[in-house]
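Each structure below is given as structure tokens.
In what comes next, subunit A is part of two complexes: it sits with subunit B in the first one and with subunit C in the second one.
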Partner chain A sequence: MIKKFVYSQKVAPYVFVLPFILIFLVFWFFPLVNSFVMSFQDRMLGQDPKWIGGANYSKLLTDKVFLTSIKNSIVYMLGTLVLLIPFPMLFAVMINSKLMMGREFFKSSFFLPALTSVAVAGTIFRLTFGEMEGSLMNSFLGLFGVEPIKFLKDGNWSMAALLILACWRWTGVNMLYYLSGLKSIDNEYYEAASIDGASAWQKFRTITMPLLKPTTVYVTTISVYAGLAMFTESLMMFNGNKSPQNIGLTIVGYLYRQGIEQNKLGYAAAVGIVLLVIAMVINLTQLKFSGMFKKEED
Partner chain B sequence: MSRIVIICLFIILFVIIMIPFYAVALSSFKPGESLVRYGLNLSLDFEIMSFDNFIFLFTGEHDYFVWFWNSMILTIVQVVLTLFVSAFVAYGFAAYHFKGKNFLFICVLLIMMVPFEILLVPLYSLINDLGMVNSYSAIILPGIANAATIFFFRQYLRSIPKEIIQSGRVDGANEYAIYFRLIMPIMKPSFAAMAILNGMNSWNNLLWPFMVLGDQSKYTLPIGLKTLLTPYGNNYDLLIVGSFFSIIPIFILFIAFQKYFIDGMTAGAVKG
Partner chain C sequence: MKKRSALISIVTLLIMSLVFTACGSPSGSKTETQQLGANAGENATVLSFWTFADLHGKHLDKMLGLWNQQNPDKQIKLNVTVMPYDDMHNKLLLAVTSGKGAPDIADIELGQFPKFLEGDNVPLESLNDVFAPYKDVVVPSRVEIYSKADQVYGFDYHVGATLAFYNTEILEQAGVDYKTIKTWEDYKQAGIKVYEKTGKYLGTADTSASWQASLLLAQQNADFTDENGNPKVNSPEMIKAYEMLVDLQKNNVIHTIPGGQPDTEEAKGEYNKGNYASALMPEWYMSRFVNEMKDLKGKYAIAPLPVFEEGNPRSVGLGGTGTVVTKNGKDVQLAKEFVAFAKLSKEATTEIWNTLGFDPINMEVWKDDAVTKNPENEYVQYFKTNAFDTLNEIKDEIRAIKSVKASPTIGNIFNTVTLNAIFEDGQDVKEALDEAQAAIEQELK
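== the complex of A and B ==
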């Protein structure tokens, strides 16, 4: 009887999606609601929560360190969008062209950095951007007569270092996304364009770029997510969650500092909710403008 | 002409990408104090270079191989369970029309857009209440129905002809037998692609395991490597060869599945 019920074609789909429903409820929905509730409380681990209304949020608005962390996260996110979308797209088009040799070799070697952990990559880059004269970056700049730079003590330089780390790790991955996008473009479009005498640039602009839009939307979505949620890169680069004048502090870094390091759970929860709102607003706007919602209906 | 330009550009990019690897490999032959003094550099200083770090890695007193083994077990279990569960769920979304499907799928998409990190605090207190602190299940369970992986498998499954499912039903197979016997074998390339991505994430994951695991004997490799860096001094001798060795297993996984990787990606998430 039960077997017949579970095996019926009407019930089967629910059995298939059941694990998702359970995990979603327990590990996402419940903590999310809890986070929202906590953000209106003054709460510490092991103590009774105290309701304080919107006090956490109004405090956040004037919290200079928090505003710095928002600025850092958003600059980082925009930086990754500017660097990690057009260039991987171009590289993918180049690697895909008939002119290219050693395609497989370059594909896999560009992917290698993504295989390294943040712990490893962060350490490598911290040492690369060391302030000593002999460190990799400074000795390279020294070739052009540039004085040694204290990369990780200056806001602009350390942001550049974080972005270079991001480029090193993710260019190859995004390139692969674009390569798979390119595979789904029908060659006939290009043949037709060639007959009409279109130049390589015209073909790229009028055929490749528009048809890669789904890929671009996807890559943008994950980049916005990853950019806003960045924390461990900064943690490794600065060897801890403290950086001079908070130049490397991100929103998640601040959440971690308040919630985990200082046990101010309510305040940290409010930081989390603000991050959630920022991420949703940016991504939903982005998806709306790219017309993605129409697609999901079918 | 333009062929030469493109190939030169790629060779330059290749060199830039490889420099950090080369520098790490080179530095693993140098004493830690040289890293403290000069940072990472490319100088081939044979006078100070030796196999001491490697000898220390394999014979010295440290927990490196405990971390290594922990990471290995955790990654394998996590990847197998995540792929199994996520593919199962994805089939439900791809093969059926049912009430609440759109709503549930929107939940999948939402998870993909909500930074996991905002849940750090409430999730930690939940894990605490459930008595799961210090256990690997606290790391594995929340990600077992991985939204991005479900999304990917669902896109992949949408390209599989519905006739296969129909013919299975005609032959009298039940819904689950159809999935396990007919559909799962077809999904192999996408499993390979997701094994690489999930394996990479699991092997390299730092933040959440770092919060969950207090017990040193349970540390994974990234956490262990991180603990070698302290405000009181950095154990570069072990860190640098340890970092070098930590890349190897995931590198082997990548090489082994690489053939399927691009194919799997092609059919997947980004077809739109």
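== the complex of A and C ==
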């Protein structure tokens, strides 16, 4: 009986997907439902929860700090999309080229920063962009007679610093995605194009870019999520979750401030739900426009 | 050939990643645990203690030695964990409120304390019974700040009386005698001279801490909150305080400092370089001079704060750390007795001055010249004047700023938004304070 059950072709698929379903339910679905419930409560650890209806959400709508955090996260996310898709793609194409010298060296040096802990990287960048004359950036600018800049007290400069950190860490990872995408492109296309007399740019535009589309869609999707969920980089860069005028505050930073620092778990849950909605809306729209929901044509 | 170069890259990668991992976490976010109480016997009770200040652990180590000597039947070993400020408070709040993983004893900074007293179920032990024997010898206001509904929950290390620390070397170069600085107007004139003669600033315009607001409010007998604990940060007193500071900033008397306030790594570097000639800070800042600004030994003198008008109170107790006993500890009564001994006894307060350089809340020590003027003491040796001469002069003028439910929110908004808007971006004082009031009310809704 048991043997029949185990060897059954109908049952086997369910057994194989069971670990995923269980993990999904325990670590994703249950916390999500719980957060959703909590977002309608006034809830603090150690105290009894109180139902307050949509009060957390209506408070969020008028919460200027929350709006600042959304603005920061979205600007950061857009910045990472602009910088971390075209450049890694370009580097991947360059490294993939047969003319390139020392590719393995470049591959590993681009990838190396991804192995560094965010805490270390953030701290190094904080010191690099320090406001003192002797900090790395300011002493470099000093060579050209530029007065010291208070990088981490200015909204634009600090966003630039966060984006530089993001590029430093993730260029290599995205480049690897693109490299694997490039490997799957059949060389015959390029040969045929060469016979037809296509230039390098024409080949890139008409063969490489379109065939890399699945990779680009994937990289965009994870970058949207990673951009909106950024927190640790800002925490380390500003030496805490308290950047001047909240210039480095992200949505997750605000969630942490409310939930962990202030023990307002209900309000923090509402912040989390809003973050989920924003990320879903952006990603689903992006996937829809890139045609990912269409059935593949034969 | 290709294989070889790939191998070389992988090896390089591994070595580099090892190097980076070996760097570990930055020194600012280090968590360390060590066991204290070497003289305790095998049957000693092991208690755990969380703190955010390394020095506090050193003090408890000395007190533990004494306790174990005096109480052979109740010996203690203490596992001390030092964590960064934010980390420790966040972890502790989660641990005590969830009832899991909290230490037996912990340090909670004054600004964070109200969060632990919220709601009906305070997760800390009342210390009333162990406090009773010391009731008459400690400064009452320093106990009230850690109390709720007649229950005391924490004992402080110090009064934190605010003092003026002057770099006499720089002042002499500018021809200024710090003893003549009695009012803010005197301070301004002195600062103008210092900037003209030396190009240095007399003081700081703080953007990441509200010590300055506290002391200027206290001098006007005002506070951040009204008698019901509601925020009132755009009061006439506050506007007067910040308009004066902005005037000082415009006259190059004070200037913003890297790190945002004197008690940061960057700012201590600036002081060490001699770029700022005074710090108006609580008494505990002396320990920062002695331990972290060794180059300035012999240059600094201590005096009372300048005031708006002579006769205003010349000091306010600032900062503070309440040592608490959590509810789920192994031996709560033993922990309570030890905390009272380590913070309030005559021996403890003497050690608090000797080891930490703080002004202890048990005032018996303040009058004991053998302790406060001991020439062997490194705090006595470091400064040109004796701290207790000034402390005893102003001891009846030390005001308190209330720490209430709204305080963490006020502190957060002031130290992230408002002070930066005023000193870095030049926003109008009244406008910035009105915005702060609105933001605080919104957050507390």
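We adopt the following convention: the second predicted complex is superposed on the first by the 291 of 298 C-alpha atoms of A that agree within 3 Å, B and C clash if a C-alpha of one lies under 4 Å from a C-alpha of the other, contacts with A are read in each partner's own complex, and residues count from 1 in each chain.
Quick note on the criterion: a contact is a pair of C-beta atoms (placed from the backbone, for glycine too) under 8 Å apart; a residue touches a chain by one contact, two chains touch by 3 or more.
These numbers come from a predicted model, not from an experiment.
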Which of subunit B and subunit C A:Leu162 touches, first, second, both or neither: neither
Which partner, subunit B or subunit C, touches more subunit A residues: B
Which of subunit B and subunit C A:Asp63 touches, first, second, both or neither: second
Partner chain(s) touched by A:Lys150 [first = subunit B, second = subunit C, both, neither]: second
A:Ser243 touches, of subunit B and subunit C: first, second, both or neither? second
Partner chain in contact with A:Ala270 - subunit B first, subunit C second, else both or neither: neither
Partner chain(s) touched by A:Phe231 [first = subunit B, second = subunit C, both, neither]: first
Partner chain(s) touched by A:Met89 [first = subunit B, second = subunit C, both, neither]: neither
Which of subunit B and subunit C A:Ala119 touches, first, second, both or neither: both
Partner chain(s) touched by A:Gly130 [first = subunit B, second = subunit C, both, neither]: both
Touching both subunit B and subunit C, residues of subunit A: 45, 102, 107-108, 111-112, 115-117, 119-120, 123, 130, 132, 236, 239-240, 260
Residue ranges of subunit B touching subunit A (in the complex, touch as defined): 2-3, 6-7, 9-10, 13-14, 17-21, 23-24, 27, 35, 37-43, 85, 88-89, 91-93, 95-98, 101, 104-105, 107-109, 111-126, 141-142, 144-145, 150, 174-176, 179, 200, 203-207, 211, 221-223, 225-226, 229, 231, 234, 239, 243, 246-247, 250-251, 254-255, 258, 261-262, 265-266, 268-272
Touching residues on subunit A, where the partner in the complex is subunit C: 44-47, 59, 62-65, 102, 104-105, 107-108, 111-112, 115-117, 119-120, 123, 130-132, 150, 153, 236, 239-246, 257, 260-263
Residues of subunit A touching subunit B in the complex: 7, 9-10, 12-17, 19-24, 26-28, 30-32, 34-35, 38, 45, 91, 94-95, 97, 99-102, 106-121, 123-125, 127-128, 130, 132, 134-136, 138-139, 168, 171-172, 176-177, 179-181, 183-184, 213-215, 217-219, 221-222, 225, 228-229, 231-232, 236, 239-240, 252, 255-256, 259-260, 265, 268-269, 272-273, 275-276, 279-280, 283-284, 295-296
Subunit A-touching residues of subunit C, taken from the complex the two chains share: 5-6, 8-10, 12-13, 16-17, 20-21, 23-26, 28-29, 86, 89-90, 93-94, 96-99, 115, 118-121, 123, 207-208, 258, 260, 266, 269-270, 408-409, 412, 415-417, 420-421, 424-425, 439, 442-443, 445
